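What follows is a group of structures, each given as structure tokens.
You will see chain A twice below: alongside chain B first, and alongside chain C after that.
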Partner chain A sequence: MSTPTDPTTPAAPPPAAPRPAVRPSRIPNWMANPWGRPRWLSAVTWIYILWALVPVLAAILFSFNDGRSRSVWQGFSTRWWWGDESLSVLHNATYSDALLHSLELAALNMAIATPLGFLLAIGLDRWRGRGSRPANFLMLVPLTTPELAMAVSLLLVFTQLSVLPFSAVHLGTTAQVIGQVTFSVSYVVVIVRSRLAAIGPEYEEAARDLGASAVQATRDVLVPLLLPAFLASTLIVFALSIDDFVVTQYMAAGGDTTTVPMLLYANARGATTTPALNAVATIMVVVTLMGVLGAYLVLRYFGHRTEGREVQGKEAMQDLTV
Partner chain B sequence: MSIGNNGYGGEVELRGLQKRFGEVVAVDSIDLDVVPGEFFSLLGPSGCGKTTTLRLIAGFERPSAGEILLDGTSLGSVPPDRRNVNTVFQSYALFPHLDVLANVEFGMRYQKTKKPERKRRAEEALELVDLTALASRRPHQLSGGQQQRVALARALVLRPSVLLLDEPLGALDAKIRRQLRIELKALQEEIGITFIFVTHDQEEALSMSDRLAVMNGGRVDQVGTPRQVYESPETLFVADFLGVANVLEVEVEAAALADACSIRVGDFALRARGGDLGVRGAASVVVRPERLALRPHDAVAGENCLPGMVDRTVFVGSNLHVMVRLAAGGVLQASIPNDGSNLDLHEQGRPVLVHVPPDALRVLAPSAPVDSSRS
Partner chain C sequence: MSQDSPLWRWLAAPGVLWLVLFVVVPGYAVLAVAMGEIDTLLQPVPAWNPFEWNVGFVKEAFSSVVPGGVYWSATRNTLLYVAATVALCFAIGYPVAYYIACKAGRTKGLLLALIFLPFWVSYLMRMLAWIGLLSADGYVNEALGWVGLGGNDWLNGNPFSVIAALTYGYIPYFILPVYAGLDRIDLRLLEAARDLGASRPWTFLRVTLPLSWPSVLAGIVLIVLPMFGDYYTNDLISGSPNTNMLGNTVNLLVQGGSQKNLGAAMVLVLMTVLAVGMLYYLYETNRQSRRRA
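This part shows the complex of A and B:
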């Protein structure tokens, strides 16, 4: 440091230390390469996918086993599907009856829960004012109630209460349908309401503006616009119903109300169980998958028609399926 | 023109129209007369109640108080589908499940129009907006400008006596917007029906309207022709909302002449010829930047000149926006044509004289509501 010779010249500030061009890092470059593929993420993802899918694929594979074993591969055959005259899915009445009953319940559930959910959704969407907010919230409660809790309460109500309308319901197909509809409706409401929110009030207002009465606007504009949501919720209800075990089991009354999931549950550990059970399970997997896939495709296909609003439809689907 | 009403436009009167949403008063006692066949704009910032007013006329909302008359008939209990008005929505609201032709035909379903007649009229309407070639497209396959024209055809084909337009150009990019502005005005003149046009874009409102209402906080601040509203704003809000306005706080002294008054800005005296010349004492004056001229500081200080110093100059191509800090306090923005003259007058720090023509100075009474949203 030298003393300034000229007092009129102010001392120049000391030059700032140069900053390093590259900041230090604790993670070695080969691991932290930000431009590379996300190796760790994809590895974890694939491990999970294998973990989840391999058992299902193995079960499907063993439905084609040539022998009785469900764990030792003895060659390929279709005997448990239709080859065996008495034990195959096609010929064993226990299996085919369960399949038919599952489909019957699904059909009834679709026929009741979808229109009902639709009306509820439209009603909730238009209902402004006192009570609408709690109602909106309470509609979601069945979605989050543990299914077992709902099943047990329904059982109690149908068997113990001697008050109409509960006393009129007897265990069996009727109770099973009512139980399934009770929780499926919430899903329909969620799908249709998200669609209604995406559509917005403007199309109906435009229809009214162009001379349509309230009924005509609903019929000619809202219903066509809600068609994809209708198809999607029908398929979701189908998948929910086919898949349901808890409520269906509790509402059942004897052998002829046995569904496929109930059959699978009862026989999974049985020593005498044949790979035909795997075949039934495979049918379940395929049917459920088709329902969900169908719903997704419907929402995606129709979504494109409403100017980029398909995103919301897809999100609604993801909320429900993932 | 077969699509129009043979030159017939409806007359709309709003009488003490009010709309509340809970505690919020969206439209606050509006009185307006829209004369037949005019292009009338409702101009204001977002939340000023202009769209609600339009929705009240269309019938999507019910007034909390007041009345809407269409050709002298009260629309009080008439639902939207039975009012002889049609709307072009901001988002166009074209039905996505119908093609362009079916969209245009839609409204005629509910009139007793025969199918071939419907098709003929829809095609005519599409011809009017130059979209015949796209009749079988779906709305999502059209550009924004094309969708806007379909929405226009869909509304006009019903031969309404009043067409309501809710920011119809808002979603388009600047170039198409300028073009459609001209087309829309030409169309309105051709078919002769009344247009009520909602916009927040002052340039749009000024360039298209026969008359406009400037709205602020649910009320109408001023109604007039574009020129009246721009050049003779009655409130600070109107002055500020329409273009750039310089506002100076002044002291108004006795009238010097019958058609002018003398005002003081700090130590400097000016003559003002516009606005409310009966005001005395504290007041505001408004002057448009394009009415100001800059002179060298050593020029002969003529009448109505204020000394100041160039604070900063913004180059915008055709013009220079020169901010001048006044010796009397405050900043004036002057808009100087970029014509190559007096280049040295725009340099930062240069002392200048700002010439303010007396007829460009508008005196506004201090009671004029000062809107908090003024920047």
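This part shows the complex of A and C:
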């Protein structure tokens, strides 16, 4: 564009100025341009978070209610935690038994599902032969099936099939552990495999180049690198087990095998239920959050350490190649 | 490296054996019971041999869930509630995920932690929380009472409560994949769109939204699958047969009554419906990734 040079035409239009990034306007900016300054988005997000968390906090608060009600606040007390001689969480065997059974199932589930899923993850990641594709598909089935379908199928197999090993499994703790392990394994595989993908094949290749066998390279190089994923998935399995309801309920047999989520399901609507139920639910929330926080801290701690090790590893490999 | 080493097969073997025993065989057990007979004590007699299959129960199950069938109301409720829940999850969850992924700035870490919290509070505990708030003398009715709308019966067959509870229960599972998808978007693409003259809303509609669409679909799959097997939300928040969903039907047939054959056949119906949905999802994601390539 040519600039006017004639001084006799002072009214000539100035060169087209670049359009201002923010057009001055009488409408507030965030309204004219909702994606620009996301004030209402921020409001939606915070309202969502309040909506997601306040009811749970209220339920926790009601465990300290002075009266029997779980919906009207009648003052603060600890009677439902330990004050009441027969109905509090501390003194009522229904609650302590359910808590203990939940923890027992979680411990067994951790002990079985984590190693099983850990080995399966490494195996599926490397195994390329015939049968690996169906095995990969099979691993995904528990993640993509409604839990109810899994629960019904396990119930039917344990009650209808009189062939070993199914005939040896009776409903109760054994069946509950089997059911929980079956869906937990897939989560372990997903966590460990994402870690495997992050590590990459270089370390093992280096070990193999230096003369380690496949077993040695796996045992001495890969497994230590996967330790954080192992610990994290242990804690995730713990949280999954503690919170599980459907499979655990279907595999249960009578009062001895009641877990806390089952107790919640059975009594949440009961007219005679006391705030002790809220107290036992609160304990579960705290226990679960502690497990998840542990998993997070483990991953963070080891994450930093392996980052350091990664640098060392790369340097070591440069040394090797030079 | 040593991809044909037998080591990997042996490492996978225990897990695969476990899955065969406790996923494949139980799956076949559902088929055998659904295709089986019923004895005089109303107990199922599974037909393990495919040559002895009897399709009566499966036919009954399929004809009961279509209009005019006994469980049509459950199908209708399931479709309505799931559709409403998905719509609500999108309307609430997408802006939240978008804000955290793209606009939160310094508060991103804190917001992420808060978004993750509901995952680790037992689903039933979260329902318990609403039972207290929604009960006849609860704080929801009290708050509504201030504007003259109190005295509602929320917990006895109210479909709106069920939809609200489902949304409350499943929305974290929707937000997470959508957040991950939005977080992965290459910001240079948005800058390119702006440089080429697109306005911000237009950039959002033509670039951000399409790029995040696969993760929205993933989020929908993630919440729809469990909702088709959900019976506990309904039992806790409604407890009335008027709002029964397919999950309730299966649960009642298998755990409650003496109709395990029909219950197993209903599981087959459920899995068929979901398989059709999953195939559509796979087709759609495949098509999109091919279009992008």
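Note that the second predicted complex is superposed on the first by the 265 of 322 C-alpha atoms of A that agree within 3 Å, B and C clash if a C-alpha of one lies under 4 Å from a C-alpha of the other, contacts with A are read in each partner's own complex, and residues count from 1 in each chain.
Following the convention adopted for this analysis, a contact is a pair of C-beta atoms (placed from the backbone, for glycine too) under 8 Å apart; a residue touches a chain by one contact, two chains touch by 3 or more.
This is a predicted model, so every value here is computed, not measured.
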item: First, second, both or neither for A:V221, with chain B first and chain C second; value: first
item: Touching partner for A:G117 - first (chain B), second (chain C), both, neither; value: second
item: Touching partner for A:I191 - first (chain B), second (chain C), both, neither; value: neither
item: First, second, both or neither for A:I283, with chain B first and chain C second; value: neither
item: Partner, of chain C and chain B, that touches more residues belonging to chain A; value: C
item: Partner chain in contact with A:F245 - chain B first, chain C second, else both or neither; value: second
item: Which of chain B and chain C A:A175 touches, first, second, both or neither; value: neither
item: Chain B versus chain C as contact partner of A:A212, first or second or both or neither; value: first
item: Doubly contacted chain A residues - partners chain C and chain B; value: 205, 208, 214
item: For the chain B and chain A complex, residues of the former touching the latter; value: 58-60, 79-82, 86-87, 89, 91, 93, 95-97, 106-107, 109-111, 138-140, 154-155, 158
item: Residue ranges of chain C in contact with chain A within the complex; value: 1-5, 7-16, 18-27, 29-30, 32-33, 44, 46, 48, 92-93, 95-96, 98-100, 103-104, 111, 114-115, 117-118, 120-133, 135, 137-139, 155, 168, 171-172, 200-201, 203-204, 225-226, 228-232, 235-236, 239, 247, 250-251, 254-255, 260, 263-264, 267, 270-271, 274, 278
item: Residue numbers on chain A that touch chain C, as the complex places them; value: 33-36, 38, 41-42, 44-45, 48-49, 51-53, 55-56, 58-59, 62, 69-72, 116-117, 119-120, 122-129, 131-132, 135, 138-139, 141-142, 144-150, 152-157, 160-161, 165-166, 178-179, 181-182, 185, 189, 201, 204-205, 208, 214-215, 218, 239, 242-243, 245-246, 250, 260-261, 264-265, 268-269, 277-278, 281, 284-285, 288-289, 292
item: Interface residues, chain A side, partner chain B - complex; value: 202-203, 205-214, 216, 220-221, 224-225, 304-307
